[in-house]
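What follows is a set of structures to go through.
The following pair of complexes shares a single chain, chain A, combined with chain B in the former and chain C in the latter.
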Partner chain A sequence: MSTPDQNVKPSYATAKGFCLTAAFWMVVATLYGFIGAIEFVAPDLLGNIAWLVFGRIRAVHTNLAIFGFVTPALLSTGHFIVPHLLRTHLFSERLGVLTVILWNIFTAAIVITLSMGMTQGREYAEAIWPIDIMVAIVFALMFVNMIMTIRRRQEPILYVSVWYITAAVILSLIVYAIGNVIWVPGTGALTGMPDAVILWFYGHNVLGLLLTPLAVGIAYYVIPSATRSPLYSHTLSLVGFWSLLVLYSHIGTHHLIQVPAPTWLKVVAITGSIGMIIPVMVVLINLWFTAKGKLGLIHENIGAKFVFAGSVIYLFVCIQGPLQSLPQVQRLTHFNNWVVAHAHMGVLGFSGMIGLGGIYFMLPKITGKPIFSRTLADFQYWLVLLGMAGFMVVLTMAGLVQGHGWANGETVYRMLPQLHHYNIVRAGLGMLIVTGAIIGLYNITRTIFYKPGETA
Partner chain B sequence: MNLKMTPAVIVLGGIFILAVIVFTVVYWPWATKVEQPSAIFRVRTAEEAEGRKIYIANGCTYCHTQSVRLVDWGLGAERIAQAGDYVADRPILLGSERTGPDLSQAGGERPDDWHIAHFINPRYTRPNSIMPPWKFLGMDKINTLTRYIQGLGFKMADQRMERQTFWKAESIKAYEAGPNENVEWLHSHIPEGWRNVPNPYPTTEAGLARGHKIYQDFCLGCHGPVGDGMGPAQPWIYPPPLNFTILKDRGVTGGILYYQIMNGITGTAMPYFKRDLESQKIWEVGDYVAVYFIGESDANKEPKGIDASWEP
Partner chain C sequence: MYYFFFILFIFSGLFFGILVFLWALKSGQFKEQQRARYLALEDEPEAPNKEVSRSSKLQSYVLFGILIFGLVVVASVVVYAYFI
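And now, the complex of A and B:
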């Protein structure tokens, strides 16, 4: 196999492409979320506009958050650090750019079809069959690019980030195909309770085997690089990686504790959920001990700052997760805004923050220029962090209000007015995040395209 | 630890673990399922199935669960969901959030005209609702969607629908016979004991204020801001919402109002409120209607027993 000429600087077109993809769709995704939040406060404001009705934009928002914003953000950095760590170039930038283009086509297709009411009606697996096929093909192409890059490596040892990113791409391909019941084109679903089991196997692993390993892989690169320190422990890396694959992937049924799913499956899911403390704490101990005493260096680098904040939210969300799997806790937290808070912490707070951090850490390295505006990046950091922390507080409170009200025999309708104030605050916080996304799009675009010498 | 992490170990090891897990927690429960249809199960009609597609296309499932849980007894649940309820559902629509109420037993709880007014604009019948208006779907789709909703609960829904249909005809007959006959018919279906009970609470400013709030939150959409039955839902509902102002000197009592608010009037769009409102709220909204719209209240009249200690 030919080795790439180390004197030729790669174009990093794939990393840049995914970076712009993420920055653009983050604006759209958060805008959809914001519109949804507005509709909770003023349901007639955008009344009778079919493509903006809450039931449709809710799915657009979640799909864009996962597949439009966070995954491309993480893949962007992934396509840079895998070849970088292996001291080679990406196998094919042309293939990489093709995956970027296809990625944007299917993301746009998801928005259009869901807006038209073309959906399979399964949470996070809404996209219709032709789009499912396209997603699977893109993941397969990406895997080819990754594995061929690994084969051309000049560095014999695979660093932990490479494990996570490679595993994420191939395992997500499998999880996506199974979870979307890709062999049944018409409905993309099984029948009855097994459909719920397979759906939540998928819904859980979109986070567990796609966003989490990508984000952890990037954190494993950014934290040691930014603090200029060797990784604390290779053993912990191994334990964290394999325990994540074993534990995270089998506990999706904890979404079904309160419905008539098989009891043994619930027991397995709850036990594994508690076990999730292992892969999470192992990774965090490894990262934080690496950074121990060097937080100044983290603070200095805006990318590392985002990543570190993401790692802290990872702790919150993954302590909350196991607790939430306990039936006694779910009596209060299930079916209400508590879970919405949890989802925002996982996707926006943990993997989204690390996605943005990876981008800001990588951009100066691949463009050879500093970030266009550090001030704007800092501003975005605070907007997203405050918006996110606010969501966490407000939605958790709203969820508890709902949960306690229902437990006390109040009907859903009776509890609605009690949520009004929280919904207003939620929409206000959403505005922070949309603003952050717009600033990010501007800053990232300018960083890639501005000519040296220009100033902010 | 010294496991050599080669590309093959990562990729094949990862796939192996995932394969074992998929086999155990996804394939195994599917292969060993012994789901028999539950006692209430029946096959959906073609129209109901069509309505279900509209339900899916518009994402109703993101705000409405279809799964009554063991912990829902406090909400008035009469039956807990069983796996056999879902044997024909593809996809299954358990839902993950209850921004709106659970719908798995919604069929026949209310008559069709209530649902249609509610779909045109949810605030017509439920003033505090935050559900989007569905007028844009057009009447055909709204009707089809209503068929699906009225089938939720299968055989139990059919039983409730039969009752709705029977009493709908009766209530229309009574309404069309004229106000005297209508009021007489309405009162004749209140148990004798209830008919003779005056409102046990005295009329107070605070009580009227509380009643006013309940009226706004629950009654206004149909009965209108001045109690003349001309709320925004009125054009969609037949027999139309009752005009309270005709009730004076027609023998209405606090007990009659209480019973009607608590249990609703099956067949008409008047729902029961026993799950939404506790006793005092029902008495107070009844007195609010009596004082402001009917113009006569029997509050605190004999027989009332010993005055409660809080009474002014």
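And now, the complex of A and C:
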């Protein structure tokens, strides 16, 4: 096995590539979300333009948020910190750049096909079969790159972030391939109840085994590094990692409490969901004790500030999540805007914030230049945070109105006027997030490409 | 029949998980935990904390305010769902 020359500075092309990918698709993803929000307020505004009807806009928005923005943002930092923590270089930057290019091709293909109405109609698994195969291949290539980097490591101990990030890549490959039923090219689905079970095994694990481990892995690097203090307990962090693997994998059926899924599976799902409080608390205790008394250093670095906010929202989402899995609570909160609020807090608030934080933390290290504009980054922080916190408030309220309407046997159309003003506020808040995304794209692009000496 | 395969799938996951865990145990991943704590720090000595500005404090209050508001809403719904 050849060992890389430590004196040669790597190009970090993969990390930069994923960085630009995330920044670009974040704008598109949030724009799609914004259009969808407008359609809730004014359904006839865009007429009947086929590729802009809500059914297609919504699928493009969710797919882009997950695969266009958050995952590449996290992978970007992931491709920097794994080699960095192993005191080596990435196995192959070429292979890495290839994954970035393929990633962008399939993301664009998802937008085009879903806009044309070519969909498999399963939530978050809408992409058609050829795209599914491409996603699986990209994850496989990335896994090769990660595992070979680990094999060439100079540091024998795998720091907890390496565990989380590598696990996320391989588990996502498995979850994606199985959840998308890639052995049935035509429909990408089984039939009947088994399909629902396998779909939500996938749907939940896109968060649980892709976004969560990547985000947690990055937080475990950024917080100690920014506060310049050792991790509170590495053993505890490994306890968290292994318990996440055991508890998180099969809780997807908590999306199916009100349907005839097998009871034993519901029990597994709810038990696992409540049990998730263990790995979550382990992560937070560890991170916050590491950062204890170091708030000044956290706020000094904009990347760490984003990541810290992400960790706070992680606590919220992961207390809300387990409690939502309780059947009595679900009667009020399921199938309405409450869950939409929860999903936004999870994807944008927790993993999206940590994704952006990871990028802002990493960029000065790999470019050798400070962030182009700290002010703009701070501005983006507040736009995203307030937009999202507002979302949580408005959509939670709207969700409870809907939930009660349902519980009282109201017909759907009689509830709609009551949701109208919530939807208006929601669209307004969406504008904050789109603006934040545009600012982020500008700031990140300028950081990578500007010449030293220029100022904002 | 389908659920048989699903159970098989769950257990194969556990099985491979245990294999990786045993590799970790054998290759000494659970040793030297004190040193592992410092791995993220390379070249960065422990630094004294920076002064926390008023604005930083205020920003943190807002962040935790959002958290507490959210948790209170969730707690209320749980109480409502089970006790009222």
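Keep in mind that, in the parts below, the second predicted complex is superposed on the first by the 456 of 456 C-alpha atoms of A that agree within 3 Å, B and C clash if a C-alpha of one lies under 4 Å from a C-alpha of the other, contacts with A are read in each partner's own complex, and residues count from 1 in each chain.
We take it that contacts are C-beta pairs under 8 Å (C-beta built on N, C-alpha and C of every residue); 3 or more make two chains touch, one makes a residue touch a chain.
Just so it is clear, the structure is predicted and the values come from calculations on it, not from any experiment.
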Clash or fit, chain B versus chain C on superposed chain A: clash
Touched partner set for A:T396, first chain B, second chain C, both or neither: second
Touching partner for A:R56 - first (chain B), second (chain C), both, neither: first
Which superposed partner A:P260 touches (first chain B, second chain C, both, neither): first
Which of chain B and chain C A:E123 touches, first, second, both or neither: first
Of chain B and chain C, the chain that contacts the larger number of chain A residues: B
Touching partner for A:Q320 - first (chain B), second (chain C), both, neither: second
Chain B versus chain C as contact partner of A:R228, first or second or both or neither: second
Touching partner for A:P194 - first (chain B), second (chain C), both, neither: both
First, second, both or neither for A:R331, with chain B first and chain C second: both
First, second, both or neither for A:V340, with chain B first and chain C second: first
Residues of chain A at both interfaces, chain B in one complex, chain C in the other: 158, 178, 190, 194, 197-198, 234-235, 238, 242, 245-246, 249-250, 262, 265, 331
Chain B residues touching chain A - in the complex, by the definition given at the top: 1, 3, 5-7, 10-11, 13-15, 17-18, 21-22, 24-26, 29-30, 33, 35, 56-63, 65, 67, 69-72, 74-76, 81-83, 86-102, 121-123, 126, 128-136, 217, 275-276
Of all residues in chain A, those that touch chain B in their complex: 39-41, 43-44, 47-50, 53-56, 58-59, 117-123, 147, 150-151, 158, 162-163, 166-167, 170-171, 174-175, 178, 187-199, 201, 209, 234-235, 238-239, 242, 245-246, 249-250, 252-253, 255-256, 258-262, 265, 268-269, 331, 334-337, 339-340, 402, 406-414, 416-417, 423
Contact set on chain C toward chain A in their complex: 2-3, 6, 9-10, 13-14, 17, 21, 24, 27-42, 44-47, 49-53, 56-57, 59-60, 63-64, 66-67, 69-71, 73-74, 77-78, 80-82
In the complex with chain C, residue positions of chain A that touch it: 84-85, 87, 155-161, 178, 190, 194, 197-198, 220-221, 224-225, 228-235, 238, 242, 245-246, 249-250, 262, 265, 293-297, 299-300, 309, 312-313, 315-316, 319-320, 323, 326, 328-329, 331-333, 345, 385, 389, 392-393, 396, 400
